[in-house]
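So, here come the structures, one by one.
In what follows, chain A forms one complex with chain B and a second complex with chain C.
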Partner chain A sequence: MATATAPPPEAPDRPVSKEEQPYVEVGKKRHTGVKLLAVLAVWLVLYAILKGHDTRSLGLQDTTGFHDWLNRVRDWVQLHGPDNWFFGGVLGFIGDVFNSVFAHLQKLFSIPAFPRPVPQIGWFGVVAIAAWITWAVAGIRSTILVTVSMLLFGIFGLWQDSIDLLLVTILAVAVCFLIGLPTGIAMARTRWVSTVVTPILDIAQTLPPFAYLAPVALGFGIGPTTAIVLTIIYALPPLVRITEYGIRAVPQTTIEAARSLGLTKGQLLRQVQLPMAKRSIVVGINQSMMAALSMATIAALVNGPGLGKDVNAALQIQNVGQASVAGLLIVLMAIMLDRTTTAASERSESQGRSGLVSVSGPGVLLMGVMVEKLPRWATEDAGKGVRHPRLTGAGRWTIRALWLVPVLVAVYLSRSQLDLARFPDRTVWPFLEPIDGTSVTKLINDFSSWFIDKVDTFTLALKNDVTAWLINPFQNLLAQSPWWVMGLVILALAYVLGGWRPAVTSAICLAVIFGVGLWNDSMVTLAMTLIATVLVMVVAVVLGVGMGRSRRTDTIIRPFLDAFQTIPPFVYLVPALALFGVGRFTAIMAALAYAVPIATKLVADGIRGVAPTTVEAARASGSTTRQMITKVQLPMAREALVLATNQGLLYVLSMVVIGGLVGGGSLGYIVVSGFSQDQLFGKGLAAGIAITAMGVMLDRIARHAAARTGR
Partner chain B sequence: MARGLIRGRTRLVAIVASVGLGLAGLAGCGSGSIKNSDAGSASGKQCGDLRIAVNPWTGYVANAHVIGYVAKTKLGCNVTYPDVKEEVGWQGMASGSIDTIVENWGHPDLVKKYIDEQKTVEDAGLTGGKGIIGWYVPPWMAQKYPDITDWKNLNKYASLFKTSESGGKGQLLDGDPSYVTNDEALVKNLNLNYKVVVGGSEAGLIQSFKTAEKNKTPLLAYFYEPQWFFSEMKLVHVNLPAHKAGCDAVAAKVNCDYPPYDLNKLIATKFAKSGSPAVDLVKKFQWSNDDQNLVAKYIAADGMSPDDAAKKWIDANPDKVQAWLG
Partner chain C sequence: MTTTASTPEKSENSTAGSESPALHVEGLWKIFGPRADKIIGTEQAHLPRKELQEQTGHVVGIRDVSFDVAPGEVFVVMGLSGSGKSTLVRLLTRLIEPTAGTVELYGEKITGMDDSALLDTRRRKVSMVFQHFGLLPHRKVVDNVAFGLEVRGEGKRQRRDRAQEMVDLVGLSGYENNYPDQLSGGMQQRVGLARALAADPEVLMFDEPFSALDPLIRRDMQNEVIRLHEEVGKTMVFITHDLAEALKLGDRILIMRDGEIVQIGTPDEVVGAPADDYVRDFTSEVPKSHVLTLKWVMRPDTGDVSADAPALQQDQIVRDAARIVLDHQGPCRVVDGDRVVGVVDDEDILRVVVAEEAH
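== the complex of A and B ==
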């Protein structure tokens, strides 16, 4: 099977007793369909009678007691923070440390180190160092990729911000590693740690970053530290989860064998578990980097250094081209870091064993560990057989050390020659003119206005029809039903689909949503989330089946998926607005752009993973292509489909706030307004909490429903 | 894994590296070596750091970079431009990570909290800019329906503005959530058959106006001046009942147009007491809407970098700049 799907190891996770297992009895008819219809019928009747009553809607500027209480907490921190031992002392100290470390790094690599008009090490030296490191840890293919990428940073005229972003990412990931590795190990070895930490990770991954932007800025001030802390909050969970998974995945037999040799716990960890989990840990670092990069534009809202600033500045003046250039460089950086760490992890494995994974985008969400596998042709060792080293380890390191000499020469030159210190633009190197940032910006702007001009009457009409015939009725059904009807309906659905466990979780989550005072807005958001998820799956199945069945289709589509998964959504907000206008449909489209790639890749993996013998057998018995897809490949890839739906749902949810920027309204808009209006701080935070509660609820229902239908 | 074929790979690396070094040599010939910049400032007083908050609209960027450019070149300050939203900027001045905000739109709640109560922020005088907030329609609508600029006729045209977002009523599009807005109360108190739809961002507003003008579709939306977009499209203001003192005292009962704003500057108390020469510069800085629109146009429409745009304006207006420094 091509998907390296690894649900969290069940056994050590929770106590193994009959009561604790999801209630599953093979063979018994559940009549799920009939029950669902019954719930739906009751719901529709109640909606028709009680429409518009008890909807718990709240005006845009209105707040509840809970929101005001949060405001007062904020005011207290603001006023007394600097003198408080925790806010002023601990957080202040952390802030100072990060700020000064980062300022030193910047002077070394990216900004003028006064009194020098340029950084200590110019671009030429930085490229040489990066190339050498990549070559030493990953291999020549990665070296070329890294070198070309870094040259493009300069050619597009964004050298300083690119290096700043790289520094923030590396610094944040280094901290994640220092915190995440011990945490992951502790979680793998001690059950209660895992029980305590897992929900925290869930929250860190579903709470929209916009919601904790203001609080973090409050604690750490405005500057690099806040950006780094935001990035760490978002990038830490994948690393912790994958580390835990990697250590747990060491086969029990191996551990038994090691124990029987008399290894202590410490020896077991250092000599058996960590070496065997090394590869997973590298994958964790890779994931952490991808998550860190996806925070670039958001961190830039509180003055985080890096390419996010350029994207946001371009958005202000509606310059799609400029935003795209900066956005594409972020994608390029993601690809460069992804392929390099992947290649490094492949090399760290003893030779000959087949590669596990490559990942792009934040592929780890609540489901535990889910890692996507690249087709073999796209990996570092494509087309090469098993190779045998001709040098000893010491020999290799000698060669690497020798290559340090030209690197040092490059660094020296970049310190003394102006053109090697500051990346030349077209006035210095005229041959850059057709390919530099200005030209590419113009090209993209011309293309996008041409394209928008051609299709916008059609797309605007499409938006109006879909909104009127699909979004409005569905939203009314959810948001105009009395809150208690909706609550009961959701509980009933949770019970019918997944049993009593998700029903209990749902009850808690609904109580939270009700308690924070944003019931009506939550239902609007829920309606949009569900519609978006259905659309995501429709697109994902169509594309995924095509990719799974044909390698050529895969080759063509995959780069687009990679790009959409990593490009900051801010980049395509302006084109999306031009195509679809302001409204909920546009918000749904933005969610689609972000969630379709991951879902498609998972579906494609699933289709590719159907056993060739089965496919052969079906073909031999004369099934048509259509029958092959609907009767054989899709049913056999059911597990992948379920996984894709769950991931798609969570990705859609993570776009709720972005949706709020393009007319999505409801919770997303409230989160944004909480970040920008003093008196709405509490309400925004409450909306963030509501989104998290909704995410946990939907995830649990989907997971338990999947566990039932999966057998 | 990629361990074998050392010889082949080494050769490749050697080629790449020598090509690279060759290029370096060539480039090195043409370029001069690096000279340290003259240390210290031109004037006698040491300026040190100046951290000008940059709020997310282009007119503001124009103010910030013109002041910043003067501070850097004439006073020798080390100027940085933290990108923050308005509210975060105030917060930053209170906590000491920002020195000044150079275009402030009212914000009576923040004035009360930070200037009157906490005393962490001070008023630093007017920018000379006049802010107008209100409801606007694209130019083609004002031409076709000349009487639409009077609010009393808005209900007559409500059906024109109906969209799939507005639930049977006319749509009034609002923008970025950080904008000062009374629109929900206005619609209610003026008995307008409209629904406020939240666009969520300035990009959403501008793009909506562009589309509306291009396709000749109706649009009524919240907007403000001074704004660079006016250099591209002359939006037409819809007159609400004139603003009278006190008519907007209670947020829920507002029934009049937005007051004209005299935009001002703010300065962190801590910074004001630091004795930096930049304090005077910020306090004395003043210009007009036209000046700001010009610089904003250089940035937004002509694609210049903010610093280049500031330099261009400063070079063309030495007398105005001199007045700020005197």
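== the complex of A and C ==
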């Protein structure tokens, strides 16, 4: 018998359980699905009855009283601004400072510095300086990347615009650093600062870049200053956020240990918090830099300097080749800045550690000895197999200083040799002929017309079908419903999905949208945003599930997503335009390309975050792959899905608006026309406000819905 | 194979019984690494773990393991962490794919099944309980319990009824509509238990199910398993690193080290005749009088014991027999059925009890 030696049976009156059983209350059912269906049904009925009434549509050239009032405000600012303490005094002063700094930089690097026919430092010198800086902060690979990229700026014939864009970006990031670092530190150290600043950052990050354009242009006029200010506003939040995070992330035990040693607050900051947050701060600079580049590109719409202008001009005449060349250079610049700052952040990590063992800097420098004097056995880490760079900090800087000599020679040469000052074109260097900007433009144009020829039956059919069967009906439903029906529907949805808080926010935002007189256009934009978001989520879930489930898929797809994420939104318009021509569909496709990477990454991380035990338990219960995905992984990754939807929505909204440039119409187009047509300025500004309101509304609904689906 | 025969097989051992085993495992190997199948059968396979890893980068998880589990038996696999016990239990249902060897469940070869047959086995014949529960946080208790039934496609009504039955069985009545994170650890593991039972499997597998629980609750849950075993009589394979738990629950115990079997035996065999120093060291802290049976302490029958001395069965636990032996002045008889197989007196008993005091 198997149980021959089993322990004797327990007495039957054994206590049931010693574990305290918690009191739990049963959650109430919300019936969200049923309520949504009810709202939808009522909406459809009302739409069928009242279609076309009270839609509040407004012709493109028509304005409302509010718009005219904004126009008058603009006129007043232009007329009386210089005498006003705020516009003339504060903003005027800021504007003057930026203007003169930027003008000086331009003369130094990009435009002819009178009386010279060329900038103070020619391209050869600039490349040498850039290469030296990159090498000093980020290492040799980044240096190669930067050098090649900068040579391409010249070869493609867009040297000046490229350098201008780079100047705007770097200047803005520098200002961001000066403002953002102290702000981030203050937020991390003082509770009330954080309480005050965080909501401002929240709003700033919710706003699509287009919404900033008009108000800033109103304050600073049109030109480089506005571009710089816009870029600063857009690039500041990530830096502040990440700085705060980095300092807060210093472990409490470390802080306690430091304080027990008697460090003052200042010492604590300088010697503990900042060094430990260094890596985060460099990551913040990276994020800030990427944001700055994308905004600096968009700032071309307010006559900002740089490559954005070239893309914009080419988009206007639908010259795909020309837009591609400029777009390509922007991408190149993005990659180069991203890689360099990433490499710098990785290096700041390893140097921070090795600094512990390097012998005293100045002494070594004096002796002219750059190889670490103390043998490794004399240091703390002896025998642990830790690899340290052979150079001390001082040694590294000495080598850097030595390399500065050829850089200075290059700068000198670029001032004295015309060919090294102005980037040669094909007449000077005939070997450039096959690869310069003109040839590449033609090549791309030829290729794209050949390619479009091959695929246009397909792309056109796709575009027309989707437009006819998806975009038009949905847009009609939103835009042709009476405004009050639409408003109530949105409020009802906000309430059902997220409770009364987002409903209140939505009510305010809807009132703003209604008040600025752009209800109908806003609904069109909303329709496109929602369609694009749904498509984004479909793609993101398919890719994300694949990535989350398989390491190999992840390694294949992730680099593409990373690459896509570095590309400024403006540039996405180019391939979308090439493939699909102008239209709302094109804007949606561009939005898709822009939002899919971030959403996919979030979904993939969510799927991967599902507890392995649960997955194993489901496998042990005999789940098929399909059952595993639909019953276990997706439901458990629900929070990640909602977060991905939220991010997707915001990305899509900003891109759909920018899509106004390629026939997306509605709000984005109104913003753009506001800058090109004098009498539409007020309307453009109003459109910016409407975009803001819509962004805030969608964000709040999505966030509260996310908080609710915790279960 | 050499490692398995470390203790003499006793007639009461289930493996020698006439019925076919519930689970038959033979020559099971698991080597982790890209070219694992190339290593099996070569000399390298018999290198110590560390050397193999240095030479080939492969890690041995399970090395040539064979055993049988009888129907209705509670078979405990015990070992320290890293000994391969968790890997072993996963090999049995191919949650981890074995490198070599066979696993048979009631004569059906699990190794070598195609995917659909394997799914069916997991859905109907073998259930598992996990250390960290593996519950679905987005489903209510009752839906968690019904999950296995759901994946095999049973109707909603049917699976709800069955799940409710299981919830009642494990003593969670009233909590069926809660979510797992509202329950305490012990209650969550009861859900895991109910989920495993719901499928009405032939074999239940437990992977260190109570390691994450407090000692008191752990004892509670062990009693629960004993009770369930009495009520439903399933074959159980139970993984643990806790010797006390192994001795308490196991009909037989398999002790593992470095992926190999060190000893298989009943609790009293493991304590009374440890196969090597490793097992002896393990069992040294165990209160022997609670585990050993009289047959481990008796002396050969010298024939001088009077026939009216009390007769005690040889598989009686020493602790239970102590009172009778101590009360009786002089040696008692130890019998196997009617046959006298030895004698035992107070000294024999005290040696076991006093040896414990020395610790």
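Assume the second predicted complex is superposed on the first by the 487 of 711 C-alpha atoms of A that agree within 3 Å, B and C clash if a C-alpha of one lies under 4 Å from a C-alpha of the other, contacts with A are read in each partner's own complex, and residues count from 1 in each chain.
By our rule, contacts are C-beta pairs under 8 Å (C-beta built on N, C-alpha and C of every residue); 3 or more make two chains touch, one makes a residue touch a chain.
Since we're looking at a predicted model, the values are computed, not measured.
Look at A:P635: by the touch rule set out above, it reaches chain C but stays clear of chain B. Applying the stated contact rule after C-alpha superposition, one finds that A:A421 touches chain B and leaves chain C untouched.
Contact with neither chain B nor chain C is seen for A:G515 once the two complexes are overlaid on the shared chain. Within the superposed three-chain model, A:Y669 lies in touch with chain B and out of touch with chain C [touch as defined at top]. Of the two partners chain B and chain C, more chain A residues are in touch with B.
Within the superposed three-chain model, A:L218 lies in touch with chain B and out of touch with chain C [touch as defined at top]. Touch criterion met: A:T614 reaches chain C, while chain B stays clear of it. Overlap of the chain B and chain C interfaces on chain A: none, as no residue is touched by both.
Those residues of chain A lying in contact with chain C across their complex are 1-7, 9-10, 14, 16-22, 24, 26-27, 611, 613-624, 627, 631-632, 635-636, 638, 711.
Chain B contributes residues 1-7, 9-10, 12-13, 16-17, 20-21, 24, 27-28, 30-39, 56-58, 61, 78, 82-88, 90-92, 94-98, 107, 109-110, 113, 118, 163-165, 167, 173, 176-178, 184, 196-208, 210-211, 214-215, 228, 251, 299-300, 303 to its touches with chain A in the complex. Against chain A, in their complex, chain C makes its touches with residues 12, 14, 17, 70-74, 93, 95, 119-124, 126-128, 130-139, 147-148, 150-152, 171, 175, 177-179, 182-184, 186-187, 192, 195, 199, 214, 216-217, 220, 223, 226-227, 230, 248, 251, 266-268, 293, 315.
Residues 59-61, 75, 78-79, 81-82, 114-118, 124, 128, 135, 138-141, 143-144, 147, 214, 217-218, 221-223, 300-303, 309, 312-313, 315-319, 322, 343, 346-347, 349, 351, 355, 380-381, 387-391, 396, 399, 403, 406, 409-410, 413, 415-421, 424, 428, 438, 441, 453, 456-457, 460, 463-464, 467-468, 471-472, 573-574, 577-578, 581-585, 660-665, 668-669, 672-673, 675-680 of chain A touch chain B in their complex.
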